[in-house]
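Letters A, B, C and D mark the chains in the order given here, with residues in each chain numbered from 1 onward.
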Amino acid sequence: MATMRYAEALRLAMTEEMERDPNVFLCGEEVAQYQGTFRVTEGMADRFKDENHGLRVLDTPISEAGIAGLVTGAAMAGLRPIAEFMTWSFAILALDQIVNHAAKILYMTNGQIKVPVVFRGPAGTGNQLSAQHSQSLEAWYAHVPGLKVVLPSTPADAKGLLKTAIRDDNPVIFMEHAGLYSQRGEVPEDPNFTVPFGVAAVRREGKDVSLISYSHAVGVCLSAAEKLWQEAGLSCEVIDLRTLLPLDMDTVLRSVQKTHRAVVVQEEWKNVGFVSELASRIYEGAFDDLDAPIERVGGPFVPMPYSKPLERAAIPGEEDVISAVKRAVA
Amino acid sequence: MATMRYAEALRLAMTEEMERDPNVFLCGEEVAQYQGTFRVTEGMADRFKDENHGLRVLDTPISEAGIAGLVTGAAMAGLRPIAEFMTWSFAILALDQIVNHAAKILYMTNGQIKVPVVFRGPAGTGNQLSAQHSQSLEAWYAHVPGLKVVLPSTPADAKGLLKTAIRDDNPVIFMEHAGLYSQRGEVPEDPNFTVPFGVAAVRREGKDVSLISYSHAVGVCLSAAEKLWQEAGLSCEVIDLRTLLPLDMDTVLRSVQKTHRAVVVQEEWKNVGFVSELASRIYEGAFDDLDAPIERVGGPFVPMPYSKPLERAAIPGEEDVISAVKRAVA
Amino acid sequence: MAKAATTEHNVPSREALQGLDRATLLRLMHIMLLIRRFEEPCDKYYRAGKMGGYIHYYIGQEAVATGIIPLFQPGDLMITHYRDHGYALALGTDPKRVMAELFGRATGVAGGKGGSMHLVDVERGFLGGYGIVGGTIPLGVGAAFALKYQGKKNICASIFGDGSMQQGVVHESMNMAGLYKVPCLFVLENNGYAMGTAVARHSAQTDFVKRVTAGYNIKGESVDGMDVLAVRAATNRILAQMRETGEPYFLEARTYRYAGHGYADNAQQQKFYRTEAEIDKWRKRDPIEHFREQLLAAGVTTEAELNAMDEECKAIVADAIEFADTSPFPSPDSLYEHVYTDM
Amino acid sequence: MAKAATTEHNVPSREALQGLDRATLLRLMHIMLLIRRFEEPCDKYYRAGKMGGYIHYYIGQEAVATGIIPLFQPGDLMITHYRDHGYALALGTDPKRVMAELFGRATGVAGGKGGSMHLVDVERGFLGGYGIVGGTIPLGVGAAFALKYQGKKNICASIFGDGSMQQGVVHESMNMAGLYKVPCLFVLENNGYAMGTAVARHSAQTDFVKRVTAGYNIKGESVDGMDVLAVRAATNRILAQMRETGEPYFLEARTYRYAGHGYADNAQQQKFYRTEAEIDKWRKRDPIEHFREQLLAAGVTTEAELNAMDEECKAIVADAIEFADTSPFPSPDSLYEHVYTDM
């Protein structure tokens, strides 16, 4: 175990996997010479500069669709690429390559061509980046067969899930959260450490209400849970889904069957968001166990505004979770 | 009233609105000289050829993102464009322009610049078009604040909703269904006839189960309802949402409060699909009225295969709705 | 086939028929004939409901695939747009399995999941045909990137139409190909139209070689796509150079499709954008007829031999149809297979 | 301003300083000084948490906006990328409201919803600054399309950076502009870098004029973006021609940004991609200093007058900061306003 930042854990995962498998390479905007916009890839270009004609850590033009297509084609030809999007908001430009190509090629070729590629980068809200730079859209990706969708909430998961993603033979949507990059935590140094997909983590045990979330919102749920315990004696169980596709409903349903109440929390627009799928599945799997309607917490249905007070109001916070829990137990 | 095809009703709506407002123009691939890939725009180029430098009905290169951006910019400068996508599967290439620009510009400019544009074209499955050509992705668009999402299921709605879309000052996602183009129906000829957004239609009254759907799936629900009545004496109420954004939950909840059972039906992938949002809202609005979990019917989680029997199995049909209803009343 | 290709490779292409040996010349003719005979009966089976979806014919453009593909060497890769029958057949993919794919059968090259637009033959380096205009160009650049990354001397051929020249991702990909210098052979099949839109109506610049060479510092040239030997000669020279330098190249083949864009683009529809006269003009330069005359003139073969070859091709196609039509449809379970490698 | 522009328009630009009258020359200087003085204090307020998000400085590039914008006529339109302070100020947008937008206040040009990247001034034809690289280019073409459609003699100026030359949608849009012949003035501010990536590292073709003219049949040229009079002369000639022909034009201004790409790109970060020496080299060609010398040499003005003008600009900025800092934040309800025009 070593204490490190979420961003460092990501770097360690990539570096270890690139050392382990010469077919793994990394490309994206500013990932090499500039050391990464958020310093996630710092030092990697130097580390691998003499290998494969200097193509192992590669700077690209601002061509998101081209990048996504290039790595998909490289994967079809036998490599295992990692493509970094400067932010997931820009990946919208690459959706045709990701959704209409990377995600479908295995199926269209009847299993003959696999596409082992990882699309990663920061997502989410915060820092007054305003409307065009504050999206993650995980609900879009989780809607698409052929993709796997991963959103780590801790440094250890950042490392373990990214290693699993790189070793996976399918296209993986790996959404980091810029708000977590500097978060510190214990991370196993063992290069064989990985975290499997499809296994949710119970971050806090509880008996009154199940708080189910992922990515940055997990931390919001944990602090809300602590407050609710301190101030209202309410015992919340906090579940971190880790991966939305595959989705670990067993852990979720087990918790709800125990607590009989559920609050599902995400950062992005609630409308047609992932929490709606999650809620529907909980209703279907535990209809008779529920003592109250499930509370969905998500972003208000507005583009992200720049002004600080407005932005704060547009990002679901501790208070939103707390009031949702109180409604659920009312 | 006149009997006409769904495709003709769309053409009539566009022609009437273009005659009514000189700022309305139409562009897209093969819409002019070729008379439209599905003949929806037949004759329109001739009708308007001498106006505005021949720009009123305009053929474009195969540049979906460029087209979406061009019409968005034209709308910002005072025009009221209609852009046709040859199919909505290709609109994935234009998502950044639609979602990160057209949908957000009114908000980003604090209401100073409006974007009255209609993005329309055929969507949906059928005809063995296989994986890359069989999508609609309405769940993606309905997730985005700033957009309105419309999916007409009858010739009359095709005309009335399209006219409302063209007169709307916001970007409208108007998804037609290729499987409905040749469907005939009664259509009001009155040029003032429009169908408002946000008002669902009860296509069939019933008391046992509410079948809630939109677009091509409405017809599937109606035939299933008829069969269920004939063969099992089950009385199904069939609701056509018409628009997913805005969404008419009042009509939906009123129906469910009456029937106590709901089956929500869509053609596309169920997972994180629109039916999940719809189900969540019904649970939240009528939790105590429900006698059974809501049944969600949607496409299986696979890319669309080419082979006819496989494709048939991948498109939710009458049988799927019938068994869902039987589960709901079991 | 690939093996043979390596040997021909050394044959000097100086004299008439570029000094190609008889076997090679006859194989080129055989490929062109097979492609044409393969597609001719398709309309009938499409009408009969044996095929569905979109089907795009290659008839008229045979010289392009035939001039390029036989020059492939083991390890070379290829990716194409949906107009892909000719490429699969030129590559030597079993006509039975190609036809079975069009019929949507389990024995098809993609198990019936792909259809006409989505043929594939991994064994021969064919990474597949895809349906999004321009969508394959970045994939081809990526495959070429992989070849460079792996230090191979191979190339990746990327086939597409004139309409895709207006797709943004093509611009992004060509810029990256020029920037990273990867061995991607861009083959633009300029058949004059993107569906019903003539090149001059979809492109501000109709000289695509100029656009690409000036825009991305990629070498390029244009060749007569109705002349199989011209295409072959250019490709031969280009591939030798690419295997040497590992750099990208842009080859425009000027050609023409006789049939409609797809099945739905019938004679009536075609009147909206082209004339019978134009079609006839191009038919007079028919690649098969032209080559036939060359061969006969040079005394390489006889009418009788060519007719026999034609009959043989028809027989191969008849067998393919028989095979396809008697093959089973995919099993219902296969609907859920290969969505993921592991779930 | 626009009014005045129409008259200057007739001044023959033969002699030194292109025969521009004193008032015009001084206004150009005033605009450049205002832009620079406006941005200089921003870092301090950003650090103090008064501003947030991304902020991109225009310092060093002042001659480009200043050489172009005053030539606008009523009805002309403009759209820019996120590096937009200079354009709003050159256009005459109230510095108070621009600063208030950076402070996220209700009095800002976008009511605090946009911030530095998303300024707007509909009244003056500024359709806004946006943050997706290349994303505004089709919008500008669309606005120009609207001008042609409406039969107006106006133009739309579309401002963007060298990095956006690698965005697919830019290719698609320029092709459409060349195809439909719409009056869009493409202004490429080539400041040598896309964030930390030098032009030669992101573009296979570094001669953008060549790429665009050869690729889309759009006329184009390059101009010294550090020389306000050179930019103005070129723009003057180009706009006259565009208003005549209604056709698109591509103008590359070679310029340089002194500051980092954005706030986060501090001196330490910049070491990864450029040297102090390079920055100094460009500073020696500072557009304001250069123009100052020209004016003094020609005896158009005096040191004293220019210093007074400088003080005046600083005062305007001080007022703007005061105004911004004392302005109210948007009301909580405004969060839900303007998502739709009607719901």
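We adopt the following convention: a residue touches a chain if its C-beta (ideal position, glycine included) is under 8 Å from a C-beta of that chain, and two chains touch if they have at least 3 such contacts.
Everything quoted here is computed from the prediction, not taken from an experiment.
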item	value
Selected interface, A-D versus B-D, where C-beta contact pairs are more numerous	B-D
Per Cα centroids, the chain farthest from chain A	C
CA centroid of chain A to CA centroid of chain C, Å	41
Chain centre separation in whole Å, for chain D relative to chain A (CA means)	37
Whole-Å gap separating chain C and chain D, where each centre is the average of the chain's CA atoms	47
Sequence positions of chain A contacting 2 or more other chains	60-61, 63, 65-66, 89, 93, 96, 100, 107-108, 130-132, 145-146, 301-303, 305
Chain C residues counted as touching two or more neighbouring chains	110, 112-114, 118, 130, 132, 135, 166-169, 172, 175-176, 179, 201-203, 339
Chain D contact footprint on chain A (complex, rising order)	29-30, 33-35, 37, 59-63, 65-66, 89-90, 93, 127-133, 300-303, 305-310, 313-314
Interfacial residue positions of chain A with respect to chain B in the complex	65, 89, 92-93, 95-96, 99-100, 103-104, 107-108, 130-132, 137, 139-140, 142-146, 245, 269, 271-277, 279-280, 283-284, 287, 292-294, 296, 301-303, 305
Chain A - residues contacting chain C, complex	25, 52-53, 55, 58, 60-61, 63, 65-79, 96-97, 100-101, 105-114, 145-146, 148, 168-170, 246
Chain D residues touching chain A - in the complex, by the definition given at the top	52-54, 104-105, 110, 112-115, 117-118, 130-135, 163-164, 166-169, 194-197, 201-203, 269, 272-273, 329-330, 332, 334-336, 339
In the complex, chain D residues that touch chain B	77, 79, 110-114, 118, 120, 122, 127-128, 130, 132, 135, 137-151, 156, 168-169, 172-173, 175-176, 179-180, 337-343
